[in-house]
Amino acid sequence: MKRALSYLGLAAVAVYCLAPFYWMVASALRRPQDQFDNSPVPSPVSTENFRAVFGGHNDFGRALLNSIVVAGVTTVFTLVVGVFTAYALARLDFRFKNAVLGLVIGTTMFPGVSQLVPLLKLFTDIGWINTYQAMIVPSLGFALPLSVWLLTAFFRQLPFELEQAAMVDGCTRGQAFRKIIVPLAAPGVFTTAILTFIAAWNEFLIALSMVNRKEMQTATVAISKFTGVSGFDQPFGTQMAAGVIVTVPLIIVVLVFQRRIVAGLTAGSVK
Amino acid sequence: MRRTITAGALTCLALAALTACGGGDDKKDSAAPSAALDGRGPVTFVTGKDRSGNLQKQIDGWNSAHPKEQVRVVELPDEPNDQRQQMIQNAQTKSDAYGVLNLDVVWTAEFAANRWLTPLPKDQVDLSKMLPATVTTGQYRDNLYAVPSTSDAGMLYYRKDLLDKAGISAPPKTYAEMWADCDKVKALPEGKGVDCYFTEVNKTESLTISAVEAIEAQGGSILDASGKPTVNTPQAKAGIEFLAGARKDRMPKEAVTLDTEGGRRYFQGGKLLFQRQWPYQYAMANATDGSSKVAGKFAVAPLPGQNGPGVANLGGHNLAISAFAKNKATALDFIKYLTGEQAQRANLMATSQAPTVASLYDDPELTKKFPYLPVLKQAISTAKPRPVVVKYGDVTAAIQGSVYDAVNGGKPVDQALTDLQGKLTTLTAGQ
Amino acid sequence: MAALLLSPTLLVLALVVGYPVLAGLRESLYARGSGLDADGFVVQGNRFVGLDNYTSIFEGDRADAFWNAFTNTTFFTLTTVALETLIGVGMALIMQQAFRGRALVRASILVPWAIPTAISGLLWRWIFQADGAANAVIGHQVLWTADGFPAKLAVIIAEVWKTSPFIGLLVLAGLQMIPREVHEAARVDGASVWQRFVYVTLPLIKPALLVAVLFRMLDVLRMFDLPAVLVGVNQKSVETLTMLAWFEATNLRYGSAAAYATILFAYIALIAYLFVKLLGADIIGEARRTRKAAKR
């Protein structure tokens, strides 16, 4: 009974999240001339939209690669920097702690549109236009506040006694952190990593403005350049196909990673 | 703990220094762009995406003939607003990354007045072969800033099969004829479920175009020749009342949610008798792959008006040179190349975008492929531009706001137009 | 030690956010030339105007537009964050209870969050068209994408769909970090399911939940893309404060845009402060107490 209910719940969650996504996949699998169709199952099924994404002058494969570089590097840096900062905020005792947390979160309170022009001027002056760092550094800045706050919350959720016990057993603070805190906090760290990666993966405005060479553009920027033939007709099917293409690999990566990393780490620590 | 404070202080100092650097150069006046176009070498062409691969072909052709003056395409997003924003950002950083700009016709005044464009020497550009209406869209205060490369104008799409059934031989020239024809068609069994008319009334740039066309069809205007707003006139009122009436009685219920593509979907679904629409729909609505129910059943005519043919509104794109570009002599040659008769002909064949060179509209091979070209030529020849104002973004937003309220009954037409007159007076002051 | 650990974060934030924000604050005190000279050129140069950019927001038509956007922004924040929290916590609890298939569902709830906003905006615009899937499902024609109340609903539905997974994921991570012994102890003590949730689970996941909700609030208060793509810009019923700033900036009034951004900043800061004070999302305070307790 309980088991059935739990499956029912899981199914409800999956339907809620996936029904609109199904519509996206269905739209992407229609032939362009059936684009206005409303039937629940595309017929005939066509891969024309998917081929259009990678075809012609889109160079979408390269754009995906750029997105992976930008989002990947951003995630790694954010985690490394964020974990140390959060540890300091969660475990060390120093004044202005609230002020630092306030300052960190304060940086997420300005609308992104107003940060663009000053950054563009700055990066133009230092010759960063058309470079990865021009996209990575801002993404890092956008991702850090959330990561720092989240990791601080997660670290704080862990009982301090665990660490102290380890330190009594002869571990240094660093060892206690690495051997006790990090494995225990793995679900939190992993979730933070996913959220950071997705945010960087989906960043558009900065990536659009900092890059004017096609070989440096990211996937979201490439999608914004999809056009119909005339300029009025909207390539809805191609855009939906591109949406599927940028979303599905992300989900697969998450599936693979959560099995390996999280399962491995948590199994080792929480007996 | 002391170290925290030091770090904090250092950060603050660094911030202050950065701001000081960043803020300093806004005040400097940029020197007026020089009239002489000199410098040869590589240039960039900044444009929305190459729709058919034809642009790349043309650029390859140029590049193989000019090995030392290579052209590279900088692609912008498909959305016109995003294109404009990217170009303005480039102008603000005074970067030479952008060379030749592919500008929407309504941006010319704003870009020219802000000194973001290089004035073009009229004696070096041959505009005599182009439709005169398109040439005016590249000018600001009698100076030439951009060369027309494509044009566009709305036409009246009508269901020829239904008019034939109702015994009507010619498309309507006036609104009254259009409504009378519609009543006749609706009386037919085939006319069931067919709506009379559609022009875009959703709150976008399209609404500005619909409003300007409706007002000019009554002999009115948004601005007079000296640039003063004239939307408090009886003609303007009649125009907006036409739109409001049509929206209420003659258009599909969901008209207010239909954009350009939504209108096309409606027409292709066979649910519309008369439609104001751009030329791009012609080939798509004639597609015989099952996507259109009206293939072979419709024709086009010039837009109707109150007492005779209406006035279409001009769309299209012009090519200009950024004021901050390098190698302007090459840029000008490249513009001449892309706007030349041969290049425009190839572009028309590949993308069906309307050319600006007049003779192409009479070319037998082209009129065979695009039977609407004669109607389009007539529409463009008599077409008028949207208001030529530096603050075009504000002006069009004001028009959209007031007209949307009037057309959807949010405000009486009189009141909406009085408000609009006030707003436009402020926005165009000093022009 | 603390300074060493904190400085990379602060450095990046200073460069990427601090500098533009200060530049913006300065900008908000200036006005760009907008008059035309005799030849029709815009008079160049910035003029110091003091607080004029701020005061003019509250005058005439612009005051109406501001309060309308302010109301919309607040309305969207309250409704979407409340719904997201309920749905997100529900999702997390369901997934936590599951025996099998959790990994798969956990990955699938990422889908709404992972689709780029511009694309999901388009998707929902398509669904909410007059002859689209939404109207087909409810069997009644609602004009969702026209300026009006249904447009607000459309934005809320699309936003909640997109962002409840964010809360769901974070709460699930919090739940997974609760040692199993805690629950077992409570069960042995005879606590009911509801009691266990309210007195055991909720306090333990509270920090993660509060941080998630706080960041959702900050995000939705700055909402721009979704209503812009789904319904359009300059639409009274869905215009947010960020959209006003955007409109000013696209029409080259950078000073005025910066003034809107600063006002929005002040509003967000106020809400964040109240949230932290009222709900006790005071991470540090509690950490200190734990520490003192531990020392004793």
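Lettered A, B and C in written order, each chain numbered from 1.
The rule is simple: a residue touches a chain if its C-beta (ideal position, glycine included) is under 8 Å from a C-beta of that chain, and two chains touch if they have at least 3 such contacts.
Molecules present, by chain and UniProt name: B = ABC transporter substrate-binding protein; C = Sugar ABC transporter permease.
Predicted model, so just to flag it, every value in this text is computed and none were measured.
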- Using C-alpha centroids, which chain lies at the maximum separation from chain A? B
- Message: Counting only C-beta pairs in contact, which chains form the busiest pair?
- Response: A-C
- Go ahead and note the Å separation of the Cα centroids belonging to chain A and chain B. 37
- Message: Roughly how far is chain A from chain C, centre to centre by C-alpha average, rounded to an integer in Å?
- Response: 16
- Residues of chain B touching 2+ other chains? 1, 4, 8, 18, 22, 265
- chain C: which residues touch two or more other chains? 2, 6, 10, 15, 18-19, 23, 131
- Task: Return the residues of chain A touching two or more other chains; collapse runs of consecutive numbers into ranges.
- Result: 94, 100, 116-118, 122, 224
- Item | Complex contacts: residues of chain B adjacent to chain A | 1, 4-5, 8, 18, 22, 44, 48-53, 56, 73-79, 82, 86, 89, 92-93, 95, 97-98, 260-261, 264-265, 268-269, 278, 280-281, 284, 287, 289-291, 351-353
- Contacts from chain B onto chain C in the complex sit at residues 1, 3-4, 6-8, 11, 14-16, 18-19, 22-23, 26-27, 29-30, 81, 84-85, 88, 112-115, 140-141, 202-204, 253-254, 256-258, 262, 265, 390-391, 393-394, 397, 400-401, 404, 423, 430-431
- Note on the structure: Counting only contacts in the complex, chain C reaches chain B at residues 2-4, 6-7, 10-11, 14-15, 18-19, 22-23, 26-27, 30, 34-36, 39-42, 44-46, 61, 129-131, 141, 143-147, 232-235, 247, 250-252
- Item | chain C residues touching chain A - in the complex, by the definition given at the top | 1-2, 5-6, 8-10, 12-13, 15-21, 23-24, 87, 91, 94-95, 97-99, 101-120, 122-124, 126-127, 131-133, 136, 161, 165-166, 169-170, 172-174, 176-177, 179-180, 204-205, 207-208, 210-212, 214-215, 218-219, 222, 224, 241-242, 245-246, 249, 254, 257-258, 261, 264-265, 268-269, 272, 282-288, 290-291, 294
- Quick one: in the complex, what on chain A touches chain B? 33-36, 56-57, 94-96, 100, 116-118, 120-122, 124, 129, 208-209, 212-214, 221, 224-234
